[in-house]
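Letters A, B, C and D name the chains as they come in the text, with residue numbers starting at 1 for each one.
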Amino acid sequence: MTRIGFIGLGTMGAPMAANLLRAGHAVCGFDRSEAARRAAAARGIPVVDELARAVRGAEVAITMLPDGPDVEAVAAGPDGLFALLAPGSLLIDCSSIAPEIARRLARLGAERGIAVVDAPVSGGPGGAEAGTLGIMVGAEAEAYARAEPLLTALGRPRHMGPPGAGQATKLCNQIVVAQHLVAVAEAITLARAQALDPLSVLEVLAGGAARSWLMETFGARMAAGEANPAFRMRLMLKDLRLALEAAFAVGAPLPATALCASLMLAQAAAGEDELGHHAVVRVYERLCGQHRGQNGTERSA
Amino acid sequence: MTRIGFIGLGTMGAPMAANLLRAGHAVCGFDRSEAARRAAAARGIPVVDELARAVRGAEVAITMLPDGPDVEAVAAGPDGLFALLAPGSLLIDCSSIAPEIARRLARLGAERGIAVVDAPVSGGPGGAEAGTLGIMVGAEAEAYARAEPLLTALGRPRHMGPPGAGQATKLCNQIVVAQHLVAVAEAITLARAQALDPLSVLEVLAGGAARSWLMETFGARMAAGEANPAFRMRLMLKDLRLALEAAFAVGAPLPATALCASLMLAQAAAGEDELGHHAVVRVYERLCGQHRGQNGTERSA
Amino acid sequence: MTRIGFIGLGTMGAPMAANLLRAGHAVCGFDRSEAARRAAAARGIPVVDELARAVRGAEVAITMLPDGPDVEAVAAGPDGLFALLAPGSLLIDCSSIAPEIARRLARLGAERGIAVVDAPVSGGPGGAEAGTLGIMVGAEAEAYARAEPLLTALGRPRHMGPPGAGQATKLCNQIVVAQHLVAVAEAITLARAQALDPLSVLEVLAGGAARSWLMETFGARMAAGEANPAFRMRLMLKDLRLALEAAFAVGAPLPATALCASLMLAQAAAGEDELGHHAVVRVYERLCGQHRGQNGTERSA
Amino acid sequence: MTRIGFIGLGTMGAPMAANLLRAGHAVCGFDRSEAARRAAAARGIPVVDELARAVRGAEVAITMLPDGPDVEAVAAGPDGLFALLAPGSLLIDCSSIAPEIARRLARLGAERGIAVVDAPVSGGPGGAEAGTLGIMVGAEAEAYARAEPLLTALGRPRHMGPPGAGQATKLCNQIVVAQHLVAVAEAITLARAQALDPLSVLEVLAGGAARSWLMETFGARMAAGEANPAFRMRLMLKDLRLALEAAFAVGAPLPATALCASLMLAQAAAGEDELGHHAVVRVYERLCGQHRGQNGTERSA
């Protein structure tokens, strides 16, 4: 049994906190948003309305927040976790943020005797509920050893290297995801241009060397013009931005990722970044002078 | 039992002819190359040394040749199949060629009363031996009905539409393949740039949303610098050229495919197009000023 | 005074033939289209209604035709120029065609004792009228020496190398043109996204290191949404196709050209390839979910 | 006569300060680096060794610093210009930084009664010495009116819009510059692949529609493999990073810029980002398996 302060009770954080509770840990949750706190309480998670109270006496703090600046503010800001946690405690950040920020937080934490672990996840709300998230962990060996038993309550943790390595691995994942979706979009575009039925083409492709999890999961939806968010384009763009910035900082050329990001940006430019990331096929439709209404109805130019 | 003349007894054609024989058909094989004829004979396929003799009395001719101009010469050239086959016979072309050429051959054949079916395959030499090829078929309904029983001896045929539709589907497949390989190459590039172990990263990715058949099959080989051909870059480039030309002709923008083709062309420019298509990761290594010997040994700039 | 048969009396060919006439040569013109013949006759060019009559007794034939297959048919087809011209005569092709076709025609001509020179031009109808075309010439030295005095009546000829070198140079020119137009389109896109006045931005840019002839000539028109053809997108796409095919054949990676071609193809896909090549800025507007009517009026998504 | 504190006396700042002095203003210079201060003093500029002393009694402060964080630290940091300058004074930042930072500084300055003007320049050290810089200014109307007379001592100021508009214009300029250099690199690549002499090709192109200032200035140097910095690739990459981040933030798709940045990043990855930005042609040489020594000697793969 570990005493855990859990910060960030959104669509991902709430079920993760619930799983830790179920695994026998003493969890105290906090979220800035009262609605989120109420929803978490409704599923049985003890919540408080102050960050300081959430981590009072905690051995471990876990954060699940939107972006790097949020984590920096909560961890390193005035009255933040580095000030609140006792030396010797552990901070596990499950947010998806820039590797560089993860490394900086690990250094700042170390100065205060707090081990900081980056542990971004994949698998979405479904994986969070089921406790089957993929968890990519960046941590010193000792900190990883302490974090691992907790993380197994959330999914399958894997130690990728020192602080930042978890975030960097997540970015590798996301650049492949973006490219696979664009690949499906181009296959649909070529299929249509050749007067083929895109759905039949994707079925055939999914039976051979061209298959991918994303094609199998989103291919038919893309061909049908369905654009409901499973993973929002806005979040995909955030991850691509982080990946390209991280690559830029170390001089790694990723031309195909950069192109996919440009195309996905066009989704944002058209005011559609709250659609799912698989809606990138609409960018190709617009490029070809075809337009769809929000509900997917095809309209002529 | 159908009398079949089989033209093109290479790495793909020979095992395909053998499977038709095994399925009870009367097969007579021909190849321009004496070595290929001898190798086919050695596996029990009846061979002759003239095109005309191979299709004498045949109800069906099957071609498995390198590229469109080869098929055009054999089918529509002087003393070609259109002159040799009897009206009412069937020509099944299993080569990967331009959809436009497939459509033209179907029109020319129709003028002579010969039904022409395009039936390019995927699955490589392994699938050809095992009789488990994916077969993408473009044909009129009646011609498809005649071709299907023969094609089931070779794998899983699927009717995609009128003549040309099989070739067009194959091109959709290949543009996805190229993009998946480039996606893996960029993941490896970013992993290295972030001081991660590429192999571990690909293992993690293959367990989640970023997984693809190509990543699972070639990822580790790419990370290790292994470049032995499973599918030669030269052939990948041929297919990308056909796809881009077909897209160009109908005005379909495929920017990511075009970029991948440019990167893979760099492999040819560096004199390495006989390596496997997964060796595209070397283009990224060269971009970053790293060089590898033919055997994969890393060398500094 | 040289006796010249001039084949192809379109927007470019007619004024070129007129300039040769003006320079004192004996010109006999031919065009398949009666309208073109009539228009040429109206400006004083002697015309005939058969290819054979146009080159009867001619020392030199000049062709100015739409594309490579047209030139091949006229030159190497049955009853074509290679059959009609006397050994020792000269064929100057001013069309823009594939370097590979130019080389093939030079070889075929040489077999018949006819020197073939490729001499594509730049400068448009204005340059053709004024006799100030840039002329990029591929030819053996002796053939160039014979062609040069004639070409000076049309503009500024420059010997770039053996047969095909003229066409290859033209393609180098066109890939730069395409990239410059896309660069201007991206500057306009970024300017708008940053709430700047695109016109003012282009004025500033044209005063510094970012200036180009295309920016100075088309920048303001692009910012204003004017899309009247100076050079049709359809022709730009033809040249980009030739450039990418020529590059593909020799394994030269041109990723930026390939991307520009993809974007310009989107113009064709949207049914706008009869607009000017500078209308590529509309592709960006569509990417961003903005649409314009044919007359340039902006409409919301 | 205006009392000016000039912060940042590098290759650009020193000649700019000298020109202000020459125009009759009272200039007091400061730079963190003693070497820079000494060099500025040697050309007659009064220098001090503390930021506070440089702006004591100044009506105007001008900053010319490497990047946004530097300007933020000097302006808004503890003991920075916002604390040191009197309300009613003017801060002109000539550095090239993110438009977003320029806007933030303008807001922070306004809170303290200090008008902040962004005024990035183009024209390089030569333009700085000659007082002929292009100056792109973002400012409120009143602040622009105050800044303009000072800026005319440095070159040609132009008011582009509210705070941030100067920086945004500079970024538009830089994305065009990058694309023009890549265009020249691709022309050279295609020329070589077609066995043409790149230098002759560029001469022809520079005489027609494909010409640009960058082609005329750097084309021959690129073809010859000369890579001495006129503008360092490292700085080009900084500007492209700012442009892509600014575009990303507002959802503007710039696929060609993103591709050019990826290619130029490869220069950094190969450890060559201290070469000139025109050395991007080396990326193409490496892509094609060709390598050059630092001195430009060509080496085989």
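Note that contacts are C-beta pairs under 8 Å (C-beta built on N, C-alpha and C of every residue); 3 or more make two chains touch, one makes a residue touch a chain.
Everything numeric in this text was worked out from a predicted model, so none of it was measured.
Student: Moving only between chains that touch, what is the shortest number of steps from subunit A to subunit D?
Tutor: Each step joins two touching chains, and the minimum needed here is 1.
Student: Between B-D and A-B, which chain pair is linked by the larger number of C-beta contacts?
Tutor: Counting C-beta pairs in contact, A-B comes out ahead.
Student: If you average the CA coordinates per chain, which chain's centre is most distant from that of subunit D?
Tutor: B
Student: In whole angstrom, what separates the CA-based centres of subunit B and subunit D?
Tutor: 51
Student: Centroid of subunit A to centroid of subunit B, CA atoms only: how many Å?
Tutor: Centres of subunit A and subunit B (C-alpha means) sit 38 Å apart.
Student: Give the residues of subunit D that touch two or more other chains, as numbers and ranges in rising order.
Tutor: 193, 247, 251-255, 259, 263, 266, 269, 287-288
Student: Hey, which residues of subunit A end up touching subunit C in the complex?
Tutor: My answer: residues 193, 255, 259, 266, 269-272, 283, 286-289, 291, 301.
Student: Which residues of subunit D touch subunit A in the complex?
Tutor: Counting only subunit D, the residues touching subunit A are 237, 241, 244-245, 247-248, 251-255, 258-259, 261-263, 265-266, 268-269, 273.
Student: Show me the residue ranges of subunit C that touch subunit D in the complex, using the header's touch definition.
Tutor: Residue positions touching the partner: 99, 122-123, 134, 136, 156, 158, 160-161, 164-165, 168-169, 171-177, 179-180, 182-184, 186-187, 189-197, 200-201, 204-205, 207-215, 217, 243, 246-247, 250-257, 259-260, 263, 284, 287-288.
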